[in-house]
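First subunit A sits with subunit B, and in the next complex the same chain sits with subunit C.
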Partner chain A sequence: MSNVTLYSVSYLLSDAVLRAIGSVLPRPLSTWITNADLITGIAVLVFGALLLAASMLNTIVLIWWERKLLGRFMDRRGAMHVGYAGLLQNFADGFKLFRKTTVQPREADPLGFYTGPTAYMVTSMILFGILPISSGWNSGFLPLSLLLALAVFSFAPLFIFVSAWSSNNKYSLMGGMRSAAQMIAYEVPLLLAVVAVVIVAGSFDLTTIVYEQQNYWFWGPLAVALIVFFAGMLAEMERIPFDLPEAEAELVEGWNTEYGGMLFAFFMLADYLRALVGSILVVLLFLGGWTLPTWVPAALTSFPLAGIVWFMVKTYIVFGVFVWIRASLPRVRTDQLLRVGWNRMIPLSLLSVFLAALLVTVKCLPVFGCVPSLGV
Partner chain B sequence: MSEMWINMGPQHPMTHGLWNLRVRIDGETVLDVDPEMGYLHRGIEKISEDRHYNEVITLMDRTCYVAGLAWEHLYIIAAEKALRIQPPERADYLRMMCEEFQRIGSHLMWYAAFVQDIGLMSPFLYGMRDRDLVLDLFQSYTGARMTYEYMRVGGVRNDLPPGFTDQARKVLDWLIPRFKEYDQLCLGSDIFHKRCDHLGVLSASDCIRHGVTGPMLRSAGVKRDLRKNRPYSLYKDVDFDVAVADGADVTARYLVRMEEMRQSVRILRQVVDWLDAHPGPVMAETVPRWMGAPYAPVGREGYLLKRQYPKGVGFSSIEEPHGEAQAYVVNEGGEHPYRVKFRSPVFANLSAARTYLVGYHVADIPPIMGSVDVCVGECDR
Partner chain C sequence: MSSEITAKEKPGEHPVLWVARPMATAARQFAKSLFRPSTIVYPYERLEDPEFRDRLEVASGKPFGVGHVWDNYRGVHALNIATCISCNLCAFSCPDVCIEMVSVPGGDPKHPKKCPQIDYGKCSYCGFCSDACPEGCLTMTTRYELSTPKRSEMVYSPEKLHEIFRSKLPMNPIRLARPENEDAILLDPPLCIGCNACSRDCPTQCITMLDIPKPEAKPGEKLPRRIWKEPVVNDSDCVRCGTCISVCPKECLFWGTRK
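Presenting the complex of A and B:
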């Protein structure tokens, strides 16, 4: 496909801007400002800024997408008034939250109260530096990118717990406890489901995993792993039916009860960042990432940035399924969630690992074909 | 975690009104509860003593804000007995229609709030959407969507507008398939059964001991419905079944309310047909002229005080959407009732909270309290 990568774009930008500045500056300054090291350094910064802007924009569009979908599921229209079909509604909401005072309870511990949401948001943003979006559109070759992504992903309950405890509110504390319990119950099957993918693909590198899906996407043969991963992701993202830590019926707003203004916006944004990452992981691990099946006409895959376009389409469809589940299922209870986690999900994830091992043994499947790294 | 008390209320998503449930918990287990009511007490009984008989109707709409017409009906029956006025037959049918539509409206409101309590998001809006149709009907003949002030001592304020019965039939036809849809969303879901089966059990004997009535009592298998057991208005002329379920749990209460809505539709079809076939007056001929006028005619200030009216008392009890409501009106011959007393079913249903909440989880409190169908307005009066 095309050779345009995120880094080359940011390098070109940095190069052009610095040369433009250099051309109007006097002699010693202009040579200094156009030297290769500075261009590279600025390029890295531009790279980070682009990534941040892209992830933020996507998150906000994702919130819009959820609001619109949820509206349709509920027989209404969702946001309609600000911007075309309410596209700018979330910017307006964000601006409103930005202007609001942050109220800190008198008995709250300021250290945890402020670091909790900040760290929650920062760790969620780090994830975007790890995930590849299309071939070449990643921050470099990370042989263990999947492992790193999941490790950073599972930070969140810690910071939730910190902010819940330091709020000094009983509801917050209960929400934090539930979050911790939920993590213990769901991290294990989630990782085992990932192990199934890793066994088949033979790599922890997300780009390689996508490359290994060129003959068939993993969701077919590894359907059990997909189900476990999907349910685990629901629990990790704390969405209905597993949104116990912030079950608004009994815990008011759970762990973020005491947060308002921009700190609440941090939580909200980070929640959707994580939802976006969850959907992206499903696409990368099971739905072939940015690739399309070979029988798709070439015209659909050869236009510029086709990989990114298809990747985003898949991500938004996967997130739509999450929204669909949210719109139609009640919330489960903590003990039921833990029981499902330990009694059902772990055996299922072990089964998926077994099936993956079986797949590696037989190498090729009759209908689907072969995984490239398994040879033949 | 050690034991602690938490306040669920007065402002809490679970309360659906203004009351406080103090809960003693150990981890996630409920050890003790202490319901505190009275935040919404407005002294409606006392205010009623200062009002003309017809002015009390205004208060009745405010007593229960989701079942205003049912409370109007309750008061009107008692007031008419106290004043010895007989309403015309058509007025009685209109009142029955009001009450049954109100029952559907109230139960839809309950459904919307209840599914929200177990975390279902979409059916909340489905319930509100369908309740809106009922409110549209109310608006078309009472002029209001919430505070109707429609009934009068001796009849009702006005007859139906032209074309109303066709519109009402359309709404009824729309509702029946919707109930099926609700059932699919709730009963069709395994999580719903996991959350609601064997939850908040209140046995028949406990119900009777605490004076719990209405759908909660019927969900325990007791076939008691005042519309059948002690028919008021003209309920003996219409054909319907009493909704009963076994189990005494949250699911049973859900089933009872759903079936009640279906039965209400059944009653309404008969009532609407009757109303189409029997035009007639909607106010009694015998109502004294002063009854409608809150103030004496100009220049005749002594008019109200001079006229004498036979004394009497009136008692009524009706099957309100939340349970059995009772009213007692004492007429001492003045233009105001001497004393008015109401019995709210929700107050009794809430007071039994300790019996059906202790031992369950914190997460179970919202579904259980949702299944009680709390209307704090009538509880505190």
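Presenting the complex of A and C:
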């Protein structure tokens, strides 16, 4: 099973399609079109298209998942009319947004107004080329993939601020400034929490980090880092209770006030892409990625694509926890947010780094592997 | 300044509870909503549906909550064309002027029968028309679903109202104005003031005001101030709608049997 990878699937696809076309065409063209370099080139394109399609599809299903969960938290049913259990509702919404006119404010700066959302969307999608989904299901061997992922992840405040500023609207600008302040404040504890993981795993490669969790998932030994990472991710995703940048009651819609139609859809999609990436990172760093504990029966882990299935299950559960927090907690004030960020999160993350270093130095990590419990 | 804010924020419990308690509440709500949701998915589940009420373990005859429909609920009208006497009283009494008398097929082609056609875009469901109906042929049912994409479909023709009558929905109790076997309009002459209200409002114009002789005033007696006319009802034209009785300001008209 392990030799089926995303690249081999796309290579097979491009090979089959190009050979089918070559069998129809006359001689000189058919040899040219079935040439190995062309097949490889098309395979790379198919690879990207598959990644894009998978990430878009997952994002839309994630919105559906959030709507259904949030509905139950509020004693409603969520979307339920379009498609089975409302699964197609978000596609319908997407088509509606796609067909709408984009209204550009007269005083807006067109360069920033249009490049902001586009760059935000694109940088969020780049992340999917970096993250491994299952063994072999990544875009290649990247020794520093975790660092790259977090670096790309932290582009967002720049583009948010660009689009907010160029909208030429005071609410957008305030939302953009809040967003920048919040993301920068929480970037530090987020990265420090990741440092704890890196110390224990001994690698910046996400695949290696997952395989380091074969015996015990990192949520046991690195519980403090998990809490800090989770809170930091909440702030990075701008989700309730840290959704100050688009606080509806104060700032209309925050930094995307002036955006409508497809540009708003870009923001919406990119937000959920980042939420998906955040959940995926939690799963990869702390919940063992696509692996399952050893005491799980082999029948549950040996079926085709089991890694991807379990990975998606974990990701959606982690996102469910984000939704749970959204359903429970009120929005915090700016001063509370920044005080928690600088006064609580940074000491906690430093503590988690210290704990990780201590665990590695005294070599007591295997203890967690011996406890036959949920700690795994 | 910041210390003041900090002091105000402490409600006396551990800060972890600020997060843990609402999350526990939300989780409880989530679990309850999964197994026993409070919402009713209306177009698919309705409270008046006996099957659904059985699922909720509510006895089917028992009133239940907001969604229950009682038989005095004022919904769409039901019209029995066969017993309608075209008296026009429903259209008279309608405060929204949404009832128009239109001819229905059948009967004498020269004098077609007219029955009410109701525009539900204007109707306020006050029920005056069914109260006014002397024959009890226009009543209101418990049907309340009228949404339609076209405004023209809000106008219900007499035939359509008759269809609703035939569908045997629960109907409002019928208020019959006319007692059994009393089919004539009688006059209590001393009370009449000759005001012409009955004649004016009669839908079939079967009431004529006839002059009566003004009596000689006896010495010491004062004659009543009135118009010296009295209504005479043409029984063959009368449709027994009772409008005259209801409009009479002195209550001098009443139902009775002509000897």
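In the analysis below, the second predicted complex is superposed on the first by the 364 of 376 C-alpha atoms of A that agree within 3 Å, B and C clash if a C-alpha of one lies under 4 Å from a C-alpha of the other, contacts with A are read in each partner's own complex, and residues count from 1 in each chain.
We adopt the following convention: contacts are C-beta pairs under 8 Å (C-beta built on N, C-alpha and C of every residue); 3 or more make two chains touch, one makes a residue touch a chain.
Model, not experiment: these values are computed from the prediction.
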Query raised in the report: Where does A:Asp243 make contact in the superposed view: on subunit B (first), on subunit C (second), on both, or on neither?
Result: first
Query raised in the report: After superposition on the shared chain, which partner residues are touched by A:Met80: those of subunit B (first), subunit C (second), both, or neither?
Result: second
Report task. Scan A:Lys100 for contacts with subunit B and subunit C and give back first, second, both or neither. Result -> neither
**Report entry** Touched partner set for A:Ile325, first subunit B, second subunit C, both or neither
**Finding:** second
Query raised in the report: On subunit A, which partner touches more residues: subunit B or subunit C?
Result: B
Query raised in the report: Which partner does A:Asp335 contact after superposing on A: first (subunit B), second (subunit C), both, neither?
Result: both
Query raised in the report: Which of the two partners, first being subunit B and second being subunit C, lies in contact with A:Val252: first, second, both, or neither?
Result: first
**Report entry** Residues of subunit A contacting subunit B in one complex and subunit C in the other
**Finding:** 73-76, 327-329, 335
**Report entry** In the complex with subunit B, residue positions of subunit A that touch it
**Finding:** 70, 73-76, 170-171, 174, 177, 240-241, 243-244, 247-252, 326-336
**Report entry** Footprint of subunit A on subunit B - complex, ascending
**Finding:** 1, 4, 6, 8, 12-14, 28, 115-122, 124-126, 129, 185-186, 189, 191-192, 194-195, 361-367
Query raised in the report: Can you list the subunit A residues touching subunit C in their complex?
Result: 69, 72-77, 80, 324-325, 327-329, 335, 339
Report task. Would you pull the subunit C residues touching subunit A in the complex into a rising list? Result -> 2, 5, 19, 22-23, 25-27, 29-30, 32-34, 37-39, 41
